[in-house]
Amino acid sequence: MENGKFGKYGGMFVSEVLIHALLELDEAFKKIYPTDEFQKEFHELLKDYGGRPTPLYYAKNFSKLVGFKVYLKREDLLCGGSHKLNNALGQALLAKKMGKKRLITETAAGQHGLATVMAGNICGLKTEIFMGIKDIERQALNVKKMELLGAKIKPIKTGAGVLKDAVSETLREWAACSRTTHYLMGSTVGPHPFPTIVATFQSVIGNEIKKQIFEKEGRLPNAIVCCGSGGSNALGAFKPFINEHGVRLYFVEGGGENLNAENSAAAFQIGSPCVLHGSIMQAIQDKWGQIKPSKTRAAGLNYPGRGPEISYLCEIGRVKACYAFDHEVFNAVKFICKTEGLIPALETAHAVAFVLNHPEEFHSDDIVIINFSGRGDKDIETILRFFYGFN
Amino acid sequence: MDLINEKFLELRDRKEGAHIAHIYYGDPNEEFSIKLVEILVKNGVDMIEFGIPFSDPIADGPIFQASCERALNAGITPIKCINGIKKLKDLKIPIIVTTYFNIPYVIGFEKFLEMIKETGAEGILIPDLPLEEAEPYLKMIREKDLHLILQVAPTTSNERLKRILMNASGFIYLISLEGVTGSKLRINPSILKLIKDIKAQSTIPIIVGFGISKKEHAEIIIANGADGIAIGSAYARIYSKDLKNPYRKLFEIAKLAREIKIGCINGYRKRL
Amino acid sequence: MENGKFGKYGGMFVSEVLIHALLELDEAFKKIYPTDEFQKEFHELLKDYGGRPTPLYYAKNFSKLVGFKVYLKREDLLCGGSHKLNNALGQALLAKKMGKKRLITETAAGQHGLATVMAGNICGLKTEIFMGIKDIERQALNVKKMELLGAKIKPIKTGAGVLKDAVSETLREWAACSRTTHYLMGSTVGPHPFPTIVATFQSVIGNEIKKQIFEKEGRLPNAIVCCGSGGSNALGAFKPFINEHGVRLYFVEGGGENLNAENSAAAFQIGSPCVLHGSIMQAIQDKWGQIKPSKTRAAGLNYPGRGPEISYLCEIGRVKACYAFDHEVFNAVKFICKTEGLIPALETAHAVAFVLNHPEEFHSDDIVIINFSGRGDKDIETILRFFYGFN
Amino acid sequence: MDLINEKFLELRDRKEGAHIAHIYYGDPNEEFSIKLVEILVKNGVDMIEFGIPFSDPIADGPIFQASCERALNAGITPIKCINGIKKLKDLKIPIIVTTYFNIPYVIGFEKFLEMIKETGAEGILIPDLPLEEAEPYLKMIREKDLHLILQVAPTTSNERLKRILMNASGFIYLISLEGVTGSKLRINPSILKLIKDIKAQSTIPIIVGFGISKKEHAEIIIANGADGIAIGSAYARIYSKDLKNPYRKLFEIAKLAREIKIGCINGYRKRL
C-alpha cells in the first residue's frame, strides 16, 4: 500500500494542477483522522445521525429457503438509505477541518450525492453534485431529494451521460477550485489517497460485522458477499476479514444483460488493467485503451472501473470476482421482498442474486453475510416496470 | 539531432517566442488534421503537440472533449495516429506526442516509445502522468532519446517545482491556470512569478499553455519571460463551428495563427 | 384505564359480531405479551430487523438557530421509514401466536400499511391493506412499495376516500373474517384493547428516550413534542414521562389551511367528544354528531379523531394540544432540510413547525425532544409541488 | 301499552312470523321515506326499524352506506328524523329507532330517549352499543318505558349470550352472519343452533336479521324457531336503482314485501 499502490493498481495519475490538492488531502487525513477529536465527532455522527451500528439481521425465512444461515448487514437502515453516508460524513468532516467551504462530487444512483448533501449540510458546507443526464432521468426520486436538501445538481451531457462522465467532469471542476473545494469521492476509486480514505471510513461496516457475528454465533462467518463497482461497500465489509483466511469473500458486479462488452458492467470478466480517473484499476476498455461505457440496470454499479484495492484483491485471489445478470437481480428483489419484507436497492440485489443462484458456493452449515448496502426506494419505478411493464 | 533544442536556438536567433499548437488527430478526420497542421505550420506555428484522442480526457475542457469524441467516433486509433505523425515528416518541425497515460499503458510503454521514436517525433507529453508516476520510466525515455515534457502549475509547491525542473527535458510546460484546456485565461501575478521562479532555477525553455486564444496573451506572457506559448482549443473552436466542411475555416485559423505568432514575436522583442 | 376507558374516553363500541374478536385479542395480549418468549422475539425483531434503538440526535445547527437544545428521536431511521413498525411487528407476532393467517389494516400515509406488510411477510401472514382512493393517489410511492412487498391493496371509494373511510371499511371486513384474520390497527384508536396494545408496543420510543437523554444530559428533558392524529407516536414517546411532571408534553395536530372546520384536522381545536370507530374520543363532527372529514396536506394526520388516551391526557391538561398550519409545515421541512440534512415526513414536520413557531413555549436552557416520527420520501412530490408548483 | 309485545301476541294468534323492515329515513328524501313505510306496512310489514342516518355506519354494507350518504347529503338531521317518526303514528305499528351511538351521545342520551319516547316509538336498537357499553343506561331506558333491543351474533359466547338474554327486552336481534348488513346470506347450522340455544334459555321473541332478501330465507329461519326476520338492504337495493324517481319502484318493493310476509307465514305454519 506504499504510495497508494495495491500491487500494480492505484497511484496518482492526475494533472499536475491537482497534485497539490491530493498531497494536501493525504497529509490532512493522516494528521486529522487519528485525533481523538476527529474520532469522537465522526463516531458520534455515525451513531446519532447515521444510526450506527446498523443491525446484523438473521434472515430466517430466506435462510430456510436457501438451506444455510444468511445474515444481512443492514446498511439500508443507515440514514439516507445506503452505506454511502459512512464515507460522506467522514470526508465532509475532514474537509471542514481542512478549511474547505464547498463539496463537489459525482453520483450515479444518487445515494452518494444524497449522503454528500446531508453531510455537507451538517458540516455547513455547500454542495454541488455532478450527475449524468441519463442517471438524472432514472434516479429521479433521489435527484428531487438532493435538490430539496439544497444541493446544486449539475447535469452532465458528455459521453453517455452516466457515472464515468460525471467523474471526469468533477475532476475537471476540481482542477479549477481545489483550494476552496473538496472533491468528496464516492467510492474506493480515483487517485491516491481517495481509495484508502474511502475504504477507511467504510471499514466501520466490517468492524461491526465482526463484533456482531461473534455475539450471535461465537465464530467468524464462512462467507461475506457484497455487490460493487468502485468497491466501497465491499471493502468496508471485507477489510477486517482480509487476513482471516477462513472467510470467503465474494464481490458481485453488474453482469448486465449478458457478458458481451456492450451489455455488461462486469469489469472483472470483460475488462483489463487500465488507467482511469487517476489510478490504475481493472476496467472495461477496447484493445486500444479507450474506456467503454458499462451497462447495467443498477445505476450505482454502472461504472466501467473497479477500484485499485478490490482490483488487487481479486487479482491475488483473496476475493472472488462474481456477477449477476439483470434478470437474476430483479428476481432476487422479489424473493427478498416476499421472504423478509425488504426492498433492496438494485445494486444490493446483485449480492442477493448471487447467493440465490450459486448454491454450489455454499454449504448447509455455512454462515453467509450479505452486505445489504442500500434500500430500493430509488428503484421502485424501475422494478415495477420490469415486472409489470408499466409505471 | 534534437529538433526541439534546435528550434529554440533558431527562435532565439530570430528573436521570437515559440508558437506551439495542439491538435487532436482525426478530428473530424485524418485528412483534415494533416491539412490543419500544414496550414498552422505555414502560418507561424513552430512546433506541434500531436494529440492521440482518448475517451476520457480529464485535463481537457469541452472543446477538446468534443474533439476526442468526434475523432473516436470517426474511428481513429493510436496506430492511425502514429501513421499520421509520419505523414508530417516533410514539414520538418518538432512534434511532441500528447495523450493520456492509458494509451501507452495498454500498448506497453516501451513499445509505445519505440513507435513514437520511429515516427520521428521528439517527445511525449502525458498530462495525467505527473513526475512521481513518471519516475519508473524516466531512464527508458532518456535511453530512447525522447523528451518527456513535464508540466508545472500554479498549485505546484516550490519543493516539487525543484524536483520537476531537475527532471525536465525539452521544455517545461507551465499550466497557466487552475482548470482544464480551453478555460478563460486571466493573466495573474502568480503565473508571472512562477515564470521568474523557474528562470531562477533553470535554463530550460518555458512554454505557457491553457487558455491562450489571443495575440495579447502570447505577447504578455512572453514579454514576462516565457519562451513561448501553447495554444490548442482556440484553433479547434474555429473549425468545430463548421464540421460539415471544416476546410472552409482554415483561412480563419491561418489568420489567428499569424496573429498569435505576431504576439510571440512582439512579446519576445519587448523583453529585449 | 379500567375496561379500556381513559376518563370518559375509550370503550368498545362495536357491533356484537366483533365483540368476541376484541375479547379474544385482549386476553391473548394479556397472556402472550408478558411471556419471555414473546418479549425476546419482539425485541430481537425490533433490534435486528427494525434497527432499534433509534438514535437520539442532538441537532446542533437547528439548536443554534432556535436558541435552545433540540434533540430528534430518530424514528425516521426505523425500518420502513417511520415509527409504525414498532406496533406492526408487535401485533403481527401476536396474531401469529394467536393462530391467525392473515392481516388486514387501513393506511393513510402508507407508512402503517408498509410496516404491516413487512411484519406480515416476516411472520408468514398474508396482508391486505385498505386505503382511500385519494390517499392512494397522493402516496403513490408507498402504494407501489406495498404492492411490491406482496400486499393486496383494496381501494376505498366510499366517503371522501380517505383514512376515516378506510378504517370503517376495514372494521366491516373484519366483522366478516375475524376468526382467521387479525385487524392490525395502525394507531392508538379503535375499540379496546387496540389503543392500549398500540401504545404499549410504541412505548419503546419513550423508554429509549429516557435512557438516552440521561446518558447524554444526565437529566430529564423539559419538553417532548410530537405530531399526531390517532396518537401512536406521541403516546409511544410520552408514556414513560406522564408521571414526570416537570416534562412538558406537546401534541401537534394538523392545522390544515386554517381553523375553519372545512380546512383543518385539528380535532382538539374544533372537535368534541364523539363515538367513532369503536371508541369515545375527541373528533371533528357537526352539531348532530355526523363526523366531518378532516383536511390537511399530511395524509397521516388526516383523520378526524384523536385516540381515547391522548384525548384524555389533553382534557386533563397533562398534554398540551397544539397545531401547525400547512404553510408552516412546509417551511419547517425546508428548515430542517437545510440545517440537518433531513427530509421529514409531512406529519413529522408538524412537530418541527411547532417548535420553530412557538418560541414563547421554550426557554434558552430547555432541552426539547422532537419525536422525528418519519422520513419524507413519500412526500417529496407534494413538497416540491408546494415550493415549485410543478411536477 | 307495549306495541311490540302486543304485535308478537297478535302474530302468534294469526300464526305468522314477524316481518320487520329497516329503512334509513330521508333517503333520498323524507317524503319518499314516509311513502315507503306506508307501502311496506300495507304489504305485510309488521314493525319498522326506523334508521337515523349516520356518517360512518360501520355495521352496514354498501347499500345502507349509500343510503346514509344520500340522506345526509339531502340534509337529513336527527331532529327531522324524530319529526318523521311522528308522522307514522297513524300507521299504528311498533317502531324501533335505530342509529349509531354517536347520535344519542352528542344529543345527550337521556334527552334523546325523551325525544324518542315522545314520538311514540317503542324502543331503540344501537348496533355499536354492545351490552357492556349499554349497562350504564339500562335503568334509564327501562324507566322511560322503552325497549333496548340487544343483538347476538354467531360469534357471541355462551356466557355472554346468557348475560345478553338477561337484559334483553322487546325482542332479541340475532345477527345471522359474520359481516355487515346486505351481505350474502348462507343459512348454516350455527344460526339454527343459536336459535335453539336462545329458546332454551328465554321466552323472548327472536328476530333474525342481516342478509335476508327472499321468501325462502324467511321461511327457513322462522320454521326453525325464530319469531321473525328483519330485512332492510333488500328493499333499499330496489329503489336505489331509480333514484331519479324512486316512487316508480314502490310497486316492486310492495311485491317483495308481500312475498317475504308469505315466507314468514309459511315458516311459522311449518313449525306447528
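For reference, chains read A, B, C and D in written order, and residue numbers begin at 1 within each chain.
To be clear about the criterion, a residue touches a chain if its C-beta (ideal position, glycine included) is under 8 Å from a C-beta of that chain, and two chains touch if they have at least 3 such contacts.
None of the values given here were measured: they were computed from a predicted structure.
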From subunit B, count the fewest steps through touching chains until subunit D is reached. 3
Intersection of contact partners for subunit A and subunit D: C
From the C-alpha centres, identify the chain that is farthest from subunit B. D
Roughly how far is subunit B from subunit C, centre to centre by C-alpha average, rounded to an integer in Å? 67
Approximately how many whole Å separate the CA-defined centres of subunit A and subunit C? 35
Draw the chains as points, connect those that touch, then say whether the picture is a line, ring, star, complete or other. line
Pull out all the chain pairs that touch, please. A-B, A-C, C-D
Within the complex, subunit B is touched by subunit A residues 3, 11-21, 23, 158-159, 164, 168, 171-172, 175-179, 272-278, 280, 285, 287-292
Which of the residues in subunit C come into contact with subunit A in the complex? 47-51, 54-58, 61, 74, 77, 79, 117-122, 124, 141, 144-145, 147-150, 333-334, 337-343, 377, 380-381, 383-384
Parts of subunit D lying in touch with subunit C, wherever the complex brings them together: 54-62, 65, 69, 72, 77-79, 100-103, 105-107, 127-130, 132-133, 150-157, 160, 164, 175, 177-180, 183
